[in-house]
Amino acid sequence: MLNDIFIQPFADMFAAPDFLLQVLWEGLVSGILYALIALGFVLIFRSSRIFNFAQGIMVVFAALTLVGLHAMGIPAWISVALTLAVMFVLAVSIERVVLRPLVGQPDIILFMATIGITLFLIGFGEIIFGGENKVMITEELGIPTDSVVLEPWGGLLILEQKDITAVVVAGLLVVALLLFLGKTRMGRAIRALGDDHQAALSVGISLQTIWVLVWFIAGIIALVTGIAWGARAGVSFALEVIAYKALPVLMLGGLESITGAIIGGLMIGMLEKLFEIYWGQPLMGGNTETWFAFVLALIVLLFRPQGLFGERIIERV
Amino acid sequence: MMDGSGLSISGKDERRDAVKDASKEVGYVTEDGRQIGGVLMELRNITLKFGGVVAIKDISFDIREGEIRAIIGPNGAGKSSMLNIISGFYTPSEGELWYKGAKRPPMKPYEVARLGVARTFQNIALFEGMTVLDNVMTGRLTHMKAGIASQAIWWGRARDEEIANREIVEKVIDFLEIQNIRKTPVGRLPYGLKKRVELARALAAEPSLLLLDEPMAGMNVEEKEDMSRFILDVNDEFGTTICLIEHDMGVVMDLSDRVVVMDYGKKIGDGPPEEVRQNQDVIDAYLGVAH
Amino acid sequence: EGLYTPNLAYRTGPFAATGIPLMNGQKDYMELMNARDGGIGGIAIDFDECETGYSTEKGVECYEKTKGKAIVTQPWSTGITLQVLPKTNVDEIPILAPGYGFSPMADGKVFQWAFNIPLSYWDGASILIKYLGSQGDLSGKKIAFLHLDHPFGKEPLPYLEAAAEAQGFELVPIPVGLKEMQNQSAQWLQIRRERPDYVIMWGWGAMNAGAITEAVKTKFPMENMLGVWWAGHDADLKIVGDAGKGYKSVSWSFPNPEAPIMADLQKYVVEPGKTLSNAEEMSGVFYSRGLVISMVLGEGIRVAQEHAGKAEISPADLRWGLENLDITEERLEELGMTGMVPPFSTSCNNHTGHSGGWILEWDGEKFVKASDLIMPDSDMIAPLEEKAAMDYAEANQPWPVNEECGG
Amino acid sequence: MLYRTAGQFKTSYKSDMALFPVRQDAVLLMVILGFAWVVFPLTASEFAFQTLLIPILIYALAAQGLNILTGYAGQLSLGTAAFMGVGAYACYKLVTLFPWMNPVVAILLSGFFSAGVGVAFGIPSLRIKGFYLAIATLAAQFFLVWLFEKWGWLYNYNASGAIQVPNLEMFGTYVAGPQASSIVQYYVVLVVVTLMTVLCINLTRGTLGRSWKATRDMDIAAELIGINLMRSKLTAFAVSSYVVGVAGALFVFMWRGAAEPNLFDIPLSFRILFIAIIGGLGSILGNYLGAILIVGLPVVLGTVPQALGLPISSAMVEHLNIMIVGALIVFFLIIEPHGLARLWALIREKLIIWPFPH
Amino acid sequence: MLDTAQTGETSTREGAARETLLEVNNIEVIYNHVILVLKGVSLAVPRGGITALLGGNGAGKTTTLKAISNLLHSERGEVTKGTISYRGERVQDLDPAALVKRGVIQVMEGRHCFEHLTVEENLMTGAFTRRDGKAAVQRDLEMVYEYFPRLKERRKSQAGYTSGGEQQMCAIGRALMSRPEMVLLDEPSMGLAPQLVEQIFEIVKAVNEGEGVSFLLAEQNTNVALRYAHYGYILENGRVVMDGPAQALRENPDVKEFYLGMSDEGRKSFRDVRSYRRRKRWLA
């Protein structure tokens, strides 16, 4: 038993290093995608303390819109532009209809409201797009679809080019967001808004503008995520469940931290894959990926209640 | 309105005398003739650091049985931090606390509260979702013992206890003249009344040491007068020892028996109000002009 | 008006992709009956859908809602089937679960009201194993069983375990959680590590596309991958196109574009605009399976009407009808459905029919037949069924068993 | 003048602490109880029992459990369904291991198992707060559901991995399993739910309730005035999980008849959270109002197109249904973020001053 | 009792001297649809003046200020009657940001700093609506640091960890960063050491005189407020019960007794509070 837990897995890793690399790569790729969803969460959370449960469905919605538009015969890149326009309209409507009347309500109420939005979008999306699984227009967007086959130590390592693209794009997105939040006037306003609505209003920060902006950026992130995930597994409403995976990422990285989302995503992606392959499948009947990330994050939180990169919780009286 | 006879909250007047006996050795008599007892709480060489910031640097002072002790000092001097140390919310980096003649080991805040230390807060910390009555009742929680099963059934022990404690709470409510807002959710109350409710909650615990952090901030003179009256009455009638932080010099000078002055974490003065007022360091650091 | 035959459909939710063509096929068959023949036996069929989204809870709600008037329940998910199964003896409505449900339902003595015509999951697994056996001796081989971690996915396990023991191959069950259907990289890493000779996939909905794309990605030889009939959906394979060449799936139905019924559908259903389907979908495996499913029900009704001597039959009459189906080649020809389902017959004792199935293969564009009809290994399955059925009756005391049914 | 309170004076603390200081409230409650105990059972159809009455009661009970944790003690939990699952599986094991056990006793006992599990998962709440805690409760949600799937002993190694309620007798009638009639099950549920509600009301208005609410409103202050946060939070987890566990056992034994692990997955948790929030956090009445809305609404919506004779396909109805439920959640949050219970309280307040406003 | 007609008259007479910047006309505010808080409040703030709004707890000072700056919405409050106009333009339907752009900014009661931002970032948010370039903002930042040297020392600390007084300075400094024309100041003295109170009022005065910024300040500390203000309104129970030039108010016997804590023999001691108290004349 002890051998199975503490020795055998590592022996296996050693015995097939190419396989280990493959496991880590797969983990990295899913990690990046979790991180992308988490980014959307973080952005909205920072600016409004709203825990936006709808981020997952926004991913699906964006991807479906893109594919749907393309299916109507619109060229790929124009479809992307139109999808962005749709996401903008969505951001404006959410701000107008849901957020504005709920300004200043407790966090949990806004959280609930985003669940309401989620349900609404699911119903609405199914009416418009139908429930079938659709193919992401990967090639039409010019994303390479070949795979790179490496043979380290005489083994086999398959890297898909579209995964490599996703990793690169995600990296760029993060850098851009970090610069935006840290260095710009808007960025500062977004952070201020997260601390205190009333005070932000009082210094003339317009909730409306910022919320629309932030939800729109979240929409852009959703589209990128949708394309990346869609390229891997097709586009359908079943995609929505992967949004849950972003939650432990947030916990681990900290709800307010962009860096945290990325590092948390990568950590969770790789560790859960390692655990599943070397411990979960041989010892626990598999499928540990459903909970491993949460339990890992929970353990980390016991030591750092605000996550690895979250803002310190200020407790004063 | 207080005729003096009905003031003992739960009829436990003797407690005060007992403690007094134990520490009879020293004490002094105030101007208006009240007998002040021995040392109730003593802070020895307290230092408090937050990361690099030293909020309190090597401060010692004591609080005596039955007195009204004030802490003053400019903003950021570390006054609230000092109260937080006394009530166990902050653990000092160095130094010792002696309470009722014994060294107090590091404790959780709720354990300190059970030793008879109650307080109010600089930024009101009421339970916004509850009514005034419920808020004040929470002050009695340290005295309520009925088990969960009995509470679930309600009839019997839990209810008797509830009624007994309710009576005590009602006395406090009467005393602070907040009867008419008993059932109002505190969220709706104006600031001044909230402060009063906070005081009621602290009093309901029948503390031996009451800590007040700026009880009169944000009040006008009329309301300050009311509040002063309550503080004096509490001290007088229940013999509660009071330690208060206040920025209104008029209040401090009039109410307190002894004053500690802090500046940037250091103690720069300690003594009767008159004496402190003359202290040049205090004038420079805090008062600006002699009042 | 008419015979009320509700369908607990799921055109929504994560399984909608596979559900929709099936529901369309079912519905269109009944539309055709009504439009062309004025119903069955002179009475219109009131084919109503109650949406479940594949949620067991909604399914039970639909069951409760429809059971007052319905002559049949078509629960459409193993989960819902399992939940309504115990109530059947009380409510006395036949459950029709063609090609799904609980394999031991085949035992009509115990499950008097339940039917999984024409093939059970155990039959399906058996056909796959038999086919693989025909490709070479299985002993010493390794077969990965990639399945949805759900009652549906676990259903064939008892048979497969027994078969592994009997034939000496190693069975490696690999569950796919409901939440991982779209992200199966862990499962496929495991497959890469285990290096199985074959992968049998018990997949459903979004899981199929996920598995097939992963298989392509990890360069698993497609010809060694086989699926249950629900994993043989054209749309799932179209995602990978040519790369999916060689993938196989067992099926008890097959599209036959030449069949007269297709022309009739075109004339009576498509042209008047009564269908929700489209030409592409109608040429696929799942749509034609939907037709077959409704045909089974329609035949059941017809037989029952003949037996009862009246058009307006009761649920109990329908049960008799479903127990006395005899779908021969001739009958199929009369129905205009030649080649769309193998012939089979049912009895009081045999609620499945055990029709046998074909192995279909993806040729890059569509599924084609890759084998003759293969029959399941009934010698092995029958005792398993009997035992499981008795266990069920035992656990659900008091549970009436119809001893009158002979062999 | 319906709600005139003038002339109703309180002369003792006891009467002031009575549950219904206003006489009209007590009358109203009597009427509702009358309906629940007598009128509904006499008139309801099988369909009404199965899709409205029984589920509303059970969901309300589950929401009540959650409300204790989230509404009273302020610890947001997204793992309610998993704790219901613990109750259901515990009950299943109890009745299959000890077939002689009275089913109602088994249901009440099974709550203790989920209370235990709840406390274990509640321990992190001592350090983790707010949304972090909410996500942490998902750890319980996902882990437990996984366990229900993987731990064969829990479902007696059933081939399908599901649990199936056997026919259970009590005083000579079937109360659970396929042979039980709806009306009997309804009464069993009603008795248990009434009992639990009374206990919850007592707990929330007493000492424990006050320390929960204090913890919720401002935990630092609560600790400083002498509340042991650990005790307060863990008792909240225990009581809440107990109630939720009992609701879970009722859910499977008195209503569903069978359960697969993924029944206890996150959609159920959310559903109960909706009920608690739409109904009103920190209120007992709200759970019932919320359950009526969330359970009843789809049933009603499902019948509308048919009643109007609209040719809408069932899938469309379902899509519209989801959309409408989503929109209504947002709508209700906007008109009264504190839920239906607060809405009722406002109406009541207006009635009391009616017809003389201000 | 001074009746309203009379008060109206006084304010117009004052207004004639200087341009009226802000005018509040008979507003009524209701919270949560049921709680009536302001019952017809009217006031006027002249350009370049310091106007004090005095009154006890719960009188409605904060509510009045929030009504002006349009911050009531997020508290479920609304102005149900009356008008508010700024520079003659009706502003009550604007959003708060638009008002800030017009030069009206509020310093909220209880400081409301952005706790996770540093002190300096807090100050910078004040310049959010400005469009006059980095250099100008930088200059004003230096100016604020000059007024409040303590802030300069702590500029890199997170505001959440600064003391109450520091937060108050930060909030006022933040408002000044927007280059306002008019500042609504809610209880600036609350929780401040006496020295600092004087200092802050000195700064108010300096800003008022130097930069011509008008102030409407709600204060409990009547003493200080009436020393610095030019004109005052006394609010009780949601109504204006008295108004007049600061000098006149200071001499009013009721104000003296109830707001300044003076009895006939000079300052009262807080120890003598148990004596019989006279009723306010305007409540008669």
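All chains are identified by letter, namely A, B, C, D and E, in their written order; residue positions are counted from 1 within each chain.
Here is the rule we use: a residue touches a chain if its C-beta (ideal position, glycine included) is under 8 Å from a C-beta of that chain, and two chains touch if they have at least 3 such contacts.
Keep in mind the model is a prediction, meaning the values are calculated, not measured.
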Going by the touch criterion stated earlier, list every chain that contacts chain A and also contacts chain E.
B, D
Contacts common to chain B and chain D (chain labels)
A, E
In terms of CA centroid distance, which chain is the most far removed from chain D?
E
Given the two chain pairs D-E and A-D, which is bridged by the higher number of C-beta pairs in contact?
A-D
Chain B and chain E have mean C-alpha positions lying a whole-number Å distance apart equal to 31
As a quick test, compute the distance in whole Å between the mean CA positions of chain A and chain C.
37
Inter-chain centre distance, chain A versus chain B - centres from mean C-alpha coordinates, in Å
50
Where chain D touches two or more other chains at once, by residue number
146, 149, 220-221, 224, 315, 319, 322
Which residues of chain B are in contact with two or more other chains?
80, 89, 121-123, 125
Out of chain C, which residues touch more than one other chain, so two or more?
11-12, 149, 177-178
Chain pairs that touch, all of them, please.
A-B, A-C, A-D, A-E, B-D, B-E, C-D, D-E
Using the touch definition from the top, list the residues of chain A that touch chain E in their complex.
103-104, 185, 188-189, 191-192, 194-209, 256, 311, 314, 316
Per the touch rule above, chain B residues touching chain E in the complex are 32, 50, 53, 72-77, 80, 122-123, 188-193, 214, 217-226, 228-229, 232, 247-251, 254-255, 286-288, 291
Chain C to chain D touching residues, read off their complex:
9, 11-12, 48-51, 53, 55-57, 60-61, 64-65, 68, 78-79, 82-83, 86-87, 89-90, 102, 149-151, 154-155, 157-158, 177-178, 276, 388, 395-398
Can you list the residues on chain B that touch chain A in the complex?
80, 84, 89, 121-123, 125
Sites on chain A touched by chain D in the complex:
51, 97-98, 101-102, 105-109, 111-113, 115-124, 126-127, 244, 247-248, 250-251, 255, 284-285, 287-288, 290-291, 294-295, 297-298, 301-302, 305-307, 313, 315, 317
